[in-house]
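Naming follows writing order (A, B, C and D), and every chain is counted from residue 1.
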Amino acid sequence: MKETLQKFFKIDRRWIFLLLAVTLVVPIVKPIGLPNKSISQATTRVYESLEKLPAGSFLLLSLDYDPSTRPELHPMAMALVRHAFSRNLRVGVVTYIAGSTGLIEELFAKVGKEYNKKDGTDYVILPYQPNILAVMTQMSSDLYGIYSKDRNGTDIAGMPVLKGVKTYKDMSLVVCVTGTAILDYWVAYVGDKYSVPVAGGVTAISQPGYGPYLQTNQLKGLIGGMKGAAEYESLIKQPGKGTSGIDALNLAHLLVLILILTSNIILLFVKYF
Amino acid sequence: MVLDTSIIAGGWLAAGLTIFLFSFLYKDNPFFKIAEHLYLGAGMGWLFQVSVNSVWIPKIWEPVSKGELLVIIPSVMGLLLLTQFIPKISWLSRYGFTFMMGYGSGLAIPAGLSTDFMSQIEGTIRPFSKLASMTPFDIFSSLLVAGGAICVLFYFFFSVEHKGHLKKVSNIGIYFLMIYFGAAFGNTVMARFSLLYGRFDDLFTFSGGSYFYATHIILAAMVVYFVLHGLFAGKKEASEEEAA
Amino acid sequence: MKLIKKQIPLAIVFVTGVLTLISYYVPHKVSVDYIETLNKWENIVVAFAFLLGLISLFFSHYNKIARKGDGWGYSIFVFIGFLAIIIPAYVSGGKQMVEGVLTPLGWSYKYIYTALSGTMFAVLAFYIVSTAYRSFRIKSPQAFVLFVAAFILILGKVPLGQIIWDSALGWTGQSVSAVIEWIMQVPAVAGKRGIMIGISIGAIVTSLKIIFGIEKQYMGKD
Amino acid sequence: MTKHKVALTLFLTLFAAGGLFAAKPAPAVKKAPAPPAAVIGGLTAVDMPYDVGNAAMLKWAVNPADTADTFYVVYVSSLATGGWLEADRFAASAKTGKDIELPFWAWDGSSLEHAVKIELNNTYGDSLPDAAFQFKVAAEKNKQAIAESLPVSVTPVGNWFRLDRLNNLVLLIALIVIFFWAVSHAKRKGLFIRRIAGLDAIDEAIGRATEMGKPIFYVPGIGSMSSISTIASAFILGEVAKKVAQYDSQIKVPHYDPVVMTVCKEVVKQSYMEAGRPDSYREDINHFVSADQFSYAASVDGMISREKPAACFYMGYFMAESLLLAEVGATSGAIQIAGTDVEHQLPFFFTACDYTLIGEELYAAGAYLSGEPMLKSALKVQDFGKLFVMVSIAIGMICVSVGAKFGWDSFVPAILNLFQNF
């Protein structure tokens, strides 16, 4: 008995890999249809921060994620942009991750068309810059000192979207969507230093780490992982990839729990019987 | 739905590269290695093209050609960084590095003090200023945050030996850390699955008829490869892999 | 020689460091102008820093090919991958989309870079599952606490888990989402805050050491 | 301590000088426009303190007779006469001295007077006219002016010190003083650091590797030489390499960052010299793998699963690759010891490795093993910081609770002010 159990325990891990692949592929092919219901406070706070901005306010989005965290963060960014456009906010986009430029392009090509928003009038995409600190500090006194053109080389001075926007004082909110520590930079080097409201969207991995900033209100809100994306999508009532993603993750989550429990129960059994 | 040839070709390429990388899960193989090396090069290539188009041309080339020569100073400092590779004059790179380090450190110190230090103390004690309107459970939670933070800090306190009662305090600290780690673990599970879901979702798209079943065909080809490889490479290697 | 090799660089780090530090406390125009100039310069210097990685990558793979070292054939693909981005970038002039149509650069991004970069991370999901099975050991009370927190988080993040919780623990009157919120807002904050404060002072001290020229390993050897 | 005082005095003097500029007497220039029914008395205008020099501060007494529909309108002009532009408009109940967000040591605000910060850039654009600005305030009810003040003038100037950030500066100076005290002390007498539980595991792992005749992998992570975890890792590597050289075992150090590699080469070479085995030192102990996170992880994984090392050390800065590495190491049967200050990677190390150094324990291990005075003194400063936080939280909690209980209205915000950032 013991030997059989131990053998079971030393199973080739590739079987486990296969098991996971199956539990994820099946719901993609045939969705289960269990929508996300609960909405966390932190996500609601982001939603409300955007909701209370008057139309025409300038929202700065720092979209710093590359394809490697796209499934989590892209739906989030998309939901945020949709929300901003539906509230007729002006949107400026900056990025400090080279790999994100393609995703930003994709996002605005799609959502811009949905809401009939024009590049240069309703939103502006600024080019990638390598040094995050330098740019953040510079934007506190004059953003044109570092950004003179948009990503296609068009002069940004005089663009309707940037009318009256020069420093953080002219921006109503900064939202940073990232899988890196860039949100920490926004909090420390911009939010706290220049008293700018900063909210964030992060991968589920870094989400618990922002608890202290949320409690102190250094962060106005936080969207965490695919669950957060699904929550935001349901807040703006536009289900997208976040909502369908959560549905697909149901079984896989249970699988992990079952695996941890099984292995530890086997271990107990082997030890005491 | 009829797709453009370039999109179908793209679908095949993406599906192929994705499956090549996943094939590492079965075992290391040449296809994985090719995809991995391609990734290295492509990543660098992307960074290179973005830097050229977003920084070098607009921030250096254009100002210089317009006669704004001041940008030459930082450019030279930047170029000096590259002397690292030439041992004899590698000290020149220090001019660039020290500039970067000085700037970064100077910004980091006050920001760290205010954000991660003072604000955190303030955040811990502020809830108590609303004592009158708090429920007993709120008070308990606020006390837990404050007490927990103190215990964790004490766990990392290296100037005294942790003995007797002090040992107990630092032990309580560990449990707070463990809850935090547990939360992080749970969240990470979700994060990783989401990424996998993203890739599978793409593969599912490419498996459609409009892409001429790219996923199915490439997957089948990989399986055939592994079967053939297993047959020809002999049993010895296979059993070794099993053990891994 | 020591002067230009060592002392001037150390003077640079000290002067830029101290001035930048002081600029936080000085609101005057002089300080703003100083920091603006430095911002612009810094941004340019850093734009060259990634070349360090690029050159060492090329160098090591070029060497491998030249020496015909183990698996040198794969090294060729590093250059192929590089060219697969650079050539389209040149052709498209750095634009990824023109009037809603993908340029060759956009195509390379979407089908090569996205696929490769996305999958590299996604592989981790498999390892997390096998770690869960093969090395997640509840070997101590501490590991047990970690497990309980992780269990609740994993369960409560998906709708199916919420249904299970409600049917098993619904009598407590607490939904799993409320429990998660509490964990994230109370004990996890305490734990994180404790770690974070120590590490942040560590970073501040390191920055001080750099400014005062005590820490200079980043400069490399003499 | 003297240093502390000198610096403080220096800054205070600086501030005082700034204050002098700021408080340049602003003679109220009286003119005679046709005033509406009533006159708002006691309007004063001063330069806005602690700013770059583009704002002014207006103050006047709150009128208890103001009703909810009373509005105040602030007008500004850059000309000696006329040219009035509207600069601000707000309800009579808003913008009192209490609403200005400055700490108690930099601002004495009363709810009995209105205090309004006027940013001139909003009205005049980037470059302000180089002149004294005139201000006047009018009270309105139903868009009808019911009262107006006499104009006053002020010239905004740039200030030299953010007094509101004094708490930050004091803390910084205290840290610097303690830092230098610790440095000098560490060099003379040495400083006490308690032994960290995980260190025995390192010896054990090296011993086992020697017995088995298998290599040891030391993975320094993906940090650059400026991150503390990488620096600590380099010192730990030194000690590990020394033991490896003594036992004549093998060590491999795959690298992500070329600079870190150069440093580690020196460190390992030095260790082999100290162990008396310079002959066994090989240049390829430290080798560059890749500057890309995942190819680095994948390549190291490949090496680990091929060579099946007896022990793996993961010390330094790690991101997502932590799991990839630890899992492969665990399945290949190696003893694994990890240490990192990246908190969200710690759970994986904790569950998959035999021993894990958590956060600062990594720094402490580096300091303990190397006995390096610089590392020890840094650790001392960190301990001081933690002590400060522990004590501040404990005392602050009590003060704030007591203050809230007895309703001491100015005491509680004052305590909170001490730790706020502005």
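As a convention for this text, a contact is a pair of C-beta atoms (placed from the backbone, for glycine too) under 8 Å apart; a residue touches a chain by one contact, two chains touch by 3 or more.
Just so it is clear, the model here is predicted, and its values are computed rather than measured.
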For this session: Report the pair of chains linked by the most C-beta pairs in contact.
Result: B-C
Exercise. Relative to chain C, which chain has the most distant C-alpha mean position?
Worked result: D
Seminar exercise, completed: Rounded to the nearest Å, the gap separating the Cα centres of chain A and chain D is 24
Exercise. Taking each chain's centre as the mean position of its Cα atoms, how many Å separate chain A from chain B?
Worked result: 14
Exercise. On chain D, where are the residues touching two or more other chains?
Worked result: 165, 168, 175, 226, 258-259, 290, 292, 294-295, 298, 320, 331, 343-344, 347-348, 350-351, 358-360, 382, 385-386, 389, 421
Exercise. If you look at chain A, which of its residues touch at least two other chains?
Worked result: 13, 17, 20-21, 68-71, 99, 101, 129-130, 133-134, 137, 192-193, 204-205, 207-209, 212, 215, 225, 227, 249, 252-253, 256
For this session: Would you pick out the residues of chain C that each touch at least 2 other chains?
Result: 24-25, 32, 38, 40, 42-43, 45-47, 49-50, 52-53, 56-57, 109-110, 113-115, 117-118, 120-121, 123-126, 128, 130, 132, 134, 136-137, 143, 146-147, 150-151, 154, 157-158, 184-185, 188-189, 192-193, 195-198, 201, 203-204, 206, 208, 210, 218, 220
Problem set entry | Residue ranges of chain B in contact with chain C within the complex | 6, 9-11, 13-15, 17-18, 21-22, 24-25, 30, 33-49, 51-56, 59-60, 71, 73-75, 77-79, 81-82, 84-85, 90-91, 93-113, 115-117, 120, 124, 141, 144-153, 155-156, 173-183, 185-190, 192-193, 195-196, 198-199, 202
Exercise. Residues of chain A touching chain D in their complex?
Worked result: 13, 68, 166, 169, 192-193, 195, 205-206, 208-209
Seminar exercise, completed: Listed in rising order, chain C residues that touch chain B in their complex are 5-6, 8-10, 12-21, 23-25, 38, 40-57, 59, 71, 74-86, 89, 93-94, 102, 105, 107-126, 128, 132, 142-143, 145-154, 157-158, 182-198, 200-201, 203-204, 206-208, 210-211, 218-220, 222
Exercise. Can you list the residues on chain D that touch chain A in the complex?
Worked result: 101, 119, 126, 294, 320, 331, 343-344, 421-422
Exercise. Which chain B residues qualify as touching chain D in the complex?
Worked result: 24, 28, 36-37, 39-40, 43-44, 84, 101, 104, 109-110, 113-115, 117-122, 124-126, 128-132, 146, 149-150, 153-154, 156-162, 177, 180-182, 184-185, 188, 244
